[in-house]
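Two complexes, one shared chain (chain A), two partners (chain B, chain C).
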Partner chain A sequence: MNIASARQSASGASIRISRLEKRFGAVSAVDGVDIDIAAGEFIALLGPSGSGKTTILMSVAGFEFPTSGTIHVDSEDLTYVPSNRRNLGMVFQNYTLFPHMSILDNVAFPLKMRGLRTAERHARAEAALATVRLAGYGHRRPNELSGGQQQRVALARAIVYQPRVLLMDEPLSALDKNLREDMQLEIKRLHAELGITVIFVTHDQSEALTMADRIAVLRDGKIQQIGPARQLYERPANLFTAGFIGEMNFVDVRDESVGDDVAVALPWGETWRLPATAAVEPPAAGETAVLAVRPERLQLGASSPGHVITVTLSDIVYAGAALLLIGRLPDGTEMRARIPGASQLSSLAPGDVASFTIPADAMLLYRGKRR
Partner chain B sequence: MKPPTDRSLALGAYVYAVLAFIIVPLVIVIPMSFSQNDYLAFPPSGFTLKWYSEYFDSRQWRAATWLSVQVALLTALFASVIGTAATYAMIRGRSRLVTAFQILLIGPIIVPHIALAVGLYLFFQTIGLSGTIPGFVLAHTVLTLPFVVFTMAAALGKVDPNLEAAAMSCGATRFQAFRLVTLPLVLPSLASSALFAFIISFDEPVVSFFLSGVRQKTLPRRMFEDIEQNLTPVIPAIATLLIVLSILILLGAHVLRSRSVTR
Partner chain C sequence: MMKTGRSQFWHSDGRRLSGLSTLLLLLPFFAIIAFVFVYPILQLLVISVLEPHPSLDNYARVVENPVHTRVLMRTLWIATLVTALSVVLGFPVAYYMSRAKGTVAALVAVCVILPLWSSVLVRTAAWSFLFQRNGLINSALMALGLTSEPFKLLYTQSAVVIAMTHVLLPFMILPIYGALRSIPNDYGRAAAVLGATRLRTFLEVILPLSLPGVVSGSLLVFLTALGFFITPALLGSPQEMMISTLVSKQIREVLDWPFAAALVGVLTVFVTLLAIIFSKTLRFDRLMGNAS
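Entry: the complex of A and B
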């Protein structure tokens, strides 16, 4: 193990995952995944369970070997290199501190494996503990620390030998909500301080959206979309991402486009013209399609420019910053609206018919049918 | 507390009866070992330590004891090492042969010892292991493996496999991960299963009866011989010593296991 080079490379490495495939018998856990990660980038792998996100991480970590495809870190092919020779930091979901060692020995463990002398091991472990704000905890045992503290120790252990890449497998899902938010900031801060490349696996979309530079949305072993949070949220590339990230209203429509003019026929008989940019996945004329609108883009009333819908309200939920209005369109499709500033809405009651305006740029059009 | 019902009284009586039947023979044996009579008698008369000194002064008894100690120590070593390795493979491995292995390892508990003894006797006679220390150790290792496997399966099952993954991501080889992380965590159970293997081997009469040669006799084999020929109170004296040894070993195993729980 080359200690000198590990010490020098304080900043992150680039990672290239090419045509990665992993089959377990007849099941494809990962099915042709390509991801290019820039040096120092923070990337989140987001998806439901069974989407292959953990298998991808484990292949990068060296705990799974792919059926085909390659993994390069800084143009070095690591695809079949054993995990202990990859020099990557790893944080697991359930802390995985060694229960029979002190906190200091836990953090110093990677340095011991690299043959450092005790004095230097301890000095560097102390420094890593200070980085995660646990200076002075070295003499304790893992079971004397809270879950959040244990995960910070695990973080210190993962960065103590200054790896070029930090891998995290749902590191916050065992923590309660407040701790989770603290840790999100802690990890962001470390990422900024160390310049390390981070791959972060999570099933929690808000975590992915707030933390990562880019997010790869996965489903059934395939990448659905990869991009920054804003792009994923404002312009989901397909129906799955549109439904998976955030809240979304969907209306089944039929495409009535002629030439470059995008138009759709709505279930209650109206035909709307849409801006050409609305067609994320342009359907063929006459085909079924889905119109998608975020609930917070709906405006109460018919005064602003855009298309107007009438909704029969069934539920009015006070949700702090915004009021959630749930109702049905004339054809029975459910429609949700989040209206900020709830004060002027006190007159609304379930059973009322309300008009909403959908601004033209809030509409997204996809091929296919609503699930 | 609820008032005792007829059923709970009957159950209590039953439990005490069972305990009495288990403990009374032990209580009878201990005073008999101090008896002045030259034959086994109860109640004993007088008090003497001569049967103990006869045991410790006899070259034959000492030789049998020394052989049993050697065999038991080696058995404890082999059974705990092989049993731990096998259990680790069964718990962490992905092989389809795991079930077959498990049945083979636990088999000696189900197969009557006499059947195993006859089989080993015929086999060891042919290959010249009968009446040798390696022969005893091999046979006793087979007998004690199930106990090691049960103890270690419980212990290893409690160790998070991700701990080893974490160690490997820190740069440890697979073997270092086992030696530095998993092994220290299961060490109390390992020691306890070695103690059990020791006492089972030390006490084992059936297989030893078949495998003992004219000169190489284990302590239990020598005791049976003495019962057939002399039946002096040396037997209760040795039995008393064995009871004390067993209690000490059980206490040791208990202390080890409670240590592993608190970790």
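Entry: the complex of A and C
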């Protein structure tokens, strides 16, 4: 354990991104982003397209220079250093293996740029290929390999010169689903083995949730929330993250009083008292607010403790591990519930009115209105 | 890339055209090629060995007469020079075109393509004005005090090379531009992040990948230059003929068709050999990573 952790702290670099801003004309692609990444950490930048996640990565890689702000790697200011002198590893979405070189020459390319002799760089490239389980593929051409194999070669090429940071720009989005899952494991394994710091850009939230130690959720060039997967999923910091990560039910409510607990008026006339901890963004009395509940937290029936809702079912979808029930609340708001152990529920049919219980700790309250 | 599969025409709805319809669609093109290219060339080659009597005498005359071999060598030399100049001048333009965006890119493209729409004769005539004893170039040189006497520019080999390079440059630029455009931007970025300087990125990645464009541009320019007629005839010196001028002289002044045919035969052999060598030594498909 000690040896492993010592190696980890030795091989990854810490990264500090401070007040990063990038404007293209009047548009702010990145708008005051601060991220502190620990040595050896695996961090994912997650957001819809245009959220600025790629621009942040491009700034770290040195392909874009920021309008203002700084990027430090291990306290060295790299903000305006050209890419070729940053010594970072990078894997691109479309593999970017050079088609006119063999696999071995591709992997040896960064070593050639660093002035290593042919024999040594070939030996090291072979070793790197072995790390991604492609030993013996060196003499082939990139186009003779499958997409997954090409991306593994790209990975080998990015780590062969032992950079302390590995940047990945949607590296798995060109692969089909099964390959993608294999590659996720491969990347996780390499990260654990090498202790390298990873910045991973993706728009696929399940990829981010399963792979990263921490996830930064971005929208319009700003960080919405940064934290470990569990925190993001169980206690999203704002309405955007709540809606962006996973499935979420939203109900518009009005806040009536704030104190030891929060009283909210529901659209169909009931008033519920919620624990004060439910208010992620505490609204003022009289303000509109949004109540958020994950579909899998709803329990069928009115027997357990919590607040009870009645839902007129419109769709019942068999989804393997769980049954997805879709219906409407008395005021017409859509409500989804995922109920595991679907077999006993075969008696339900569209048009039925079902009761669900929402446990008190499953409710989250935000300021504003649902979109 | 499919290489082994038989090429087929398809209906827009995906059904395959019958063999007969395919044949009918291709026939006009091959008919034209056969009648205006293959037939006359073969006819000339036949004349070159059968007239005035069946022998290789006409070819012997080409090889034995030092005047004729010199014309042949000069033609090859000028074509080589023009090709080399076109690569040197054309590559940067093509590279710039492939990177530029918006109005600037459109402007450069227009500058490259527009001359193609005016006739070679017009462009050659323009050069003869510039090269004249009291033309623009000489007046400028004298005004700058670089020379007191006007240079002899017109009717020199340099004039021919300069004007031919100008006329043929677009045929070099466009294939190189095409090759450069097909190189994804990420290749340059990948090379940079892997530690390559701009120069190394260019030498190790961009240049090798643009080579097919350079080769096809060179082939196009070289082969066209070999048979160039108007420019050398108008700007060159009669003492320094190129082969097409010699051929034309034999046909129109000396009326020695069999000998002209033999000259064409020699040229045809050169061109064919060159094309074969290029296609054998450079496996483009391999270079571009399309081998399957």
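Assume the second predicted complex is superposed on the first by the 360 of 371 C-alpha atoms of A that agree within 3 Å, B and C clash if a C-alpha of one lies under 4 Å from a C-alpha of the other, contacts with A are read in each partner's own complex, and residues count from 1 in each chain.
As a working rule, a contact is a pair of C-beta atoms (placed from the backbone, for glycine too) under 8 Å apart; a residue touches a chain by one contact, two chains touch by 3 or more.
If you're wondering where the values come from, they're calculated on a predicted model, not measured in any experiment.
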Since both structures carry chain A, what do chain B and chain C do when superposed there: clash or fit? clash
Given the touch rule stated above, what does A:Pro142 touch, chain B (first), chain C (second), both, or neither? second
Quick check for you: in the superposed arrangement, does A:Pro171 touch first (chain B), second (chain C), both or neither? neither
So, A:Leu88: does it touch chain B (first), chain C (second), both, or neither? both
Chain B and chain C footprints on chain A meet at residues 61-63, 82-90, 92, 94, 96, 98-100, 109-110, 113-114, 157-158, 161, 167
Chain B contact footprint on chain A (complex, rising order): 1, 61-63, 82-90, 92, 94, 96, 98-100, 109-110, 113-114, 154, 157-158, 161, 167
Give every residue of chain B touching chain A within the complex, in rising order. 160, 162-163, 165-174, 176, 180-181, 184-185, 263
Looking at the complex, which residues from chain A come into contact with chain C? 61-63, 82-90, 92-94, 96, 98-100, 109-110, 112-114, 141-144, 157-158, 161, 167
Which of the residues in chain C come into contact with chain A in the complex? 184, 186-187, 189-197, 200, 204-205, 208-209, 286-292
